[in-house]
Structure formats: C-alpha cells, structure tokens
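In order of appearance the chains are A, B, C and D, and numbering begins at 1 in each one.
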Amino acid sequence: MGPVHTVEFRIRYSETDAMGTYYNSRVLEWFEYGRTELLRALGKPYREMEAQGVWMPVREAHVEYLSPARYDDLLRMTCRLYRSGPARFRFDVEIVDTETGRLVCRGWTEHVVVDRRGRPIRPPPWLIELVEGRRE
Amino acid sequence: MGPVHTVEFRIRYSETDAMGTYYNSRVLEWFEYGRTELLRALGKPYREMEAQGVWMPVREAHVEYLSPARYDDLLRMTCRLYRSGPARFRFDVEIVDTETGRLVCRGWTEHVVVDRRGRPIRPPPWLIELVEGRRE
Amino acid sequence: MGPVHTVEFRIRYSETDAMGTYYNSRVLEWFEYGRTELLRALGKPYREMEAQGVWMPVREAHVEYLSPARYDDLLRMTCRLYRSGPARFRFDVEIVDTETGRLVCRGWTEHVVVDRRGRPIRPPPWLIELVEGRRE
Amino acid sequence: MGPVHTVEFRIRYSETDAMGTYYNSRVLEWFEYGRTELLRALGKPYREMEAQGVWMPVREAHVEYLSPARYDDLLRMTCRLYRSGPARFRFDVEIVDTETGRLVCRGWTEHVVVDRRGRPIRPPPWLIELVEGRRE
C-alpha cells in the first residue's frame, strides 16, 4: 500500500543525551531523512517538488520510543508513503537496531500540500501517481 | 486536573528552517523546556528527581503543527501534568503566539518511570502526590 | 569598546550528550541567543535588520570549551559587539556558571553584512552608529 | 601528516535555517561525523575508545563559513587527524560541494584526552601509534 524505502544510519554523538541514549526530538530529524531518501528513490527528490511550487510541511507527528539505542549504533529505518486523505499524505516509519533486531522507535508524520506561501493546494496529479500509481 | 505552568520564549534562528518557519523537531525541545519549568514550579526540579534515582523518559510523543511562527516570535507555552496510567504521566502542551493569540502547535508527551538503568519502577509516593495532590 | 549585554539561561536536556555535559555545537546556538538579545537591548532587533534588507551571517566562529556544565545549570552569557573591519562585526562571548563562577566556555563569531541574496554590502550608517556610537 | 578520511553526506532540512542555507552550528555536528568515520576507518571506533576509558572531548573549535549550501546538496568532507601537543589531538576539516567543487566551510577541532570523570590522562600508546604510526 504505497511505496516503501529503507535506509541505514548511525546515531551521532550530537544525538545522544545525558541518559546515554538518543534524545527524543532527534527521531523527527531521522524521519525527515527517511522521507527525503524515499522521495529520491521514487525519482522525485523533495527539492524538485519545492522547485515546482509544491511544499509538504508536517501537519502532525507521532513517535513511540520503544527501546534505547546508543552512540554509533547502526539503525535501519523503513518508511512507507501513502495518501491519508484527499490532500494529505502520511509516512509511516519504523527504526530497528541492525545488531539486535529490536524495534527502537516507530511513528508517522502527516503532511499537507501547500504553495510557497503556505496556502493549501490540490495535490498535483504527478504527486498522486507517485504515491498511488506504484505497487510493490 | 493536575498542575499547570506557563512559560514564554522566543524562537531562535537555529530553530528555523528553509521554509522560514520553525523546524518540526524543535517543538519537542520546547516541550522539554515546558516540563522542566513546570516541575521546578512544583518545587521538584527534574534534576533532583534524577539525583534521587527517578528518571522519566519520553515513551510517546504527539505534535500537531497548526500555524507558522518565525524567528524571534514570542510564544507562550502552557503545560499540564497528570497521571495517565498506574505508572505513566502525561504532559499536555499548547503553544500560542503572544502577538496574534493564534495556536501555533499543541501536543503531549507520555512518560514512564525508570531507574538509572532504564528498568521500570513504581512511581514513588512523592511523585504521585506532586502530580495528584495539588489542585489549582 | 562596543556595547555589552548579559543574559541568563539554563542548559536544556536536549543540549546534553552521553558524556553528561553540554554538546559542543550547542554553544553556537547559545551565542546566537546572546547576539539576538544584545541587538534587542540596543533597540534594533535583528529581525528588523533583516526586514530592512541587512543580513549579518556568521563568517567565522571560534569556541573554547573550558569546564563542564550539566542539565539545568544556570549560565550567564555576556556578549560584546564591536567592529572588526570596514565591513565586519564581531561578538565576543563569555559564558559563566552562575553557581560556581567558573568560566564554562568563551569564543566569538565574526559577521559580514550582506543583502537578501548574500552579496556583500556596505554597512549602513545606522549599524555603524549602533555599534560605535555608544559608549558604556 | 596524519591519517585522512573522506565522507559524503547531504544537508538535511533540519540543518537549514530561515536564510535558506545551513545553520552555522550544524557544521560542528558534521565535523563530529567526520571524526567518527575517520576513527572507524583507522580500525578504532571512538565507541571502543570510550569503552577502554579514553574520552576525547572537544577543547577548542574553529569554523570558517565560506559559501552557502542548501537542503539536499551533496557535500564531501575530508578530515585529517594529527597530534597538536603532548596530550592534544587535532582534526582539520574541509567541506566541499560535490557539484560545484566550491569550498563550503573549513575548520578544526582540538581534543584533550580524559578519563570517565573528565580528568586529563596521558594518551595511551595505541592512540599515539594510531595517529602518528601511519604514513599516507
């Protein structure tokens, strides 16, 4: 149900906190990295979308923190993109520790489609095809 | 239903992004600032909680992004703390633009109670009293 | 030698790392906070400068990390602004732990003056007067 | 003059600011990424160093910001590690835009060697050999 993409990355020291694990807000930066690479894999880098006048800001975000992970741990993030409403798109994300296989965290972000000034616009046909026209 | 505290702060340039507004993950840093100041106002700084062996990591987070806000805008954040389960606590947060009165974003974080090693512990009586024993 | 301004702030949990102290890059975010408040104290918020077409991006930064500081420590930051060249301005910054009096870190940022497109411009007279016309 | 390592990475949206380019403090996070990968390439991940009781916190940092770069730009970072004093090590870093070849920024971080409690220690022989024993 919608395109899926997986990337791997390591936790940076800057992303840890005094508890010794990753700081909670950093997960939303990782989610963005996952979205960026999923769109690139689909052949439509987000940068090109903006250049064509289509912005997709986050309207809502949700994260569950399930197990700790530490500096330099290698994580695997899987993102799935689908349409969650006439003018809404959602990315579901899961992040797993590659060594232990444990689910580190999961969540989603929901996005609206707006123009340069932030006004809602109808999703262009190429965007809908990008998201719904593919089957995996 | 549970203690409430309000703080004001300005958006830093470091918290903006190329859209010209605040970057989505920064809201979770703001929420932490709100929690820290609420606990201090209750007479129990979080730092003291950790010194007594009680950690309260975020287990789940949710954010709705409702309107843009820009560098140097003065925001007002209101946090409410309550018990959301036998060993769970939740902070509900709303952030308003002080100039326009508009709701900028809102959300919540849910927290578990753990020891230094991250193992769940029963919430100490003083913590329950702190959260439930007060009425505003 | 140029206007001076002091602010106080606490270290956020998000600014700590797995060593238990503050993460090194966060100091540059603090410096920005210091600059913002110094310019506001001078009666010329940086936001207004940008609205008038004057940007002052960082061209060079230097930080010395002198002693550790932890979550919730109350720090006092003093910034001094002066002209470091015909079209350059520098902010010298010192950050002290309010409890121990120890110097936590110090450094500076040097800024150029550019227009909206990032092209160097001559510093406007009001900017030079702001920086050099006051004596403390 | 000491081991060298190069990595490539893209600018994340979270690393941009309202000027449309990368925010200045993020460069210090990139530098950390470069150090981490250089040490891994040398066969001694920093995580293992800490596990053996050797910490290398940043004592001083310097950055020059030379040209703008934007979201999703692919940058190439080259780090060189050398001994800058009896108990000091320095990483020199250059970051280039892979498309234009332009130097985006450069700088260095200087590190001391400390134990878990942050007390200076003599650099262990394996660390000196790691840094000085190789020729490229």
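By definition in this document, contacts are C-beta pairs under 8 Å (C-beta built on N, C-alpha and C of every residue); 3 or more make two chains touch, one makes a residue touch a chain.
Please read these numbers as outputs of a predicted model, since none were measured by experiment.
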- Task: Among the listed pairs B-D, C-D or A-D, choose the one whose interface is a repeat of A-B, with over half of the contact pairs the same by residue number.
- Result: C-D
- Task: Could you quickly compare B-C and A-C and let me know which has more C-beta contacts?
- Result: B-C
- Item | Interchain centroid distance [CA atoms averaged], subunit A/subunit C, Å | 34
- Query: If you average the CA atoms of subunit C and of subunit D, how many Å lie between those two points?
  - Reply: 24
- Could you put a whole-Å number on the gap between the CA centroids of subunit B and subunit C? 27
- Query: Touching two or more other chains, which residues of subunit B qualify?
  - Reply: 13-14, 21, 25, 28-29, 32, 70-71
- Query: Which part of subunit B faces subunit D closely enough to touch in the complex?
  - Reply: 13-14, 16-18, 20-21, 23, 25, 70-71
- Query: Which of the residues in subunit C end up touching subunit D in this complex?
  - Reply: 19, 21, 24-29, 32, 55, 57-65, 68, 109, 118
- Query: Residues of subunit A touching subunit D in their complex?
  - Reply: 10, 12-14, 28-29, 32-33, 36, 45-47, 70-72
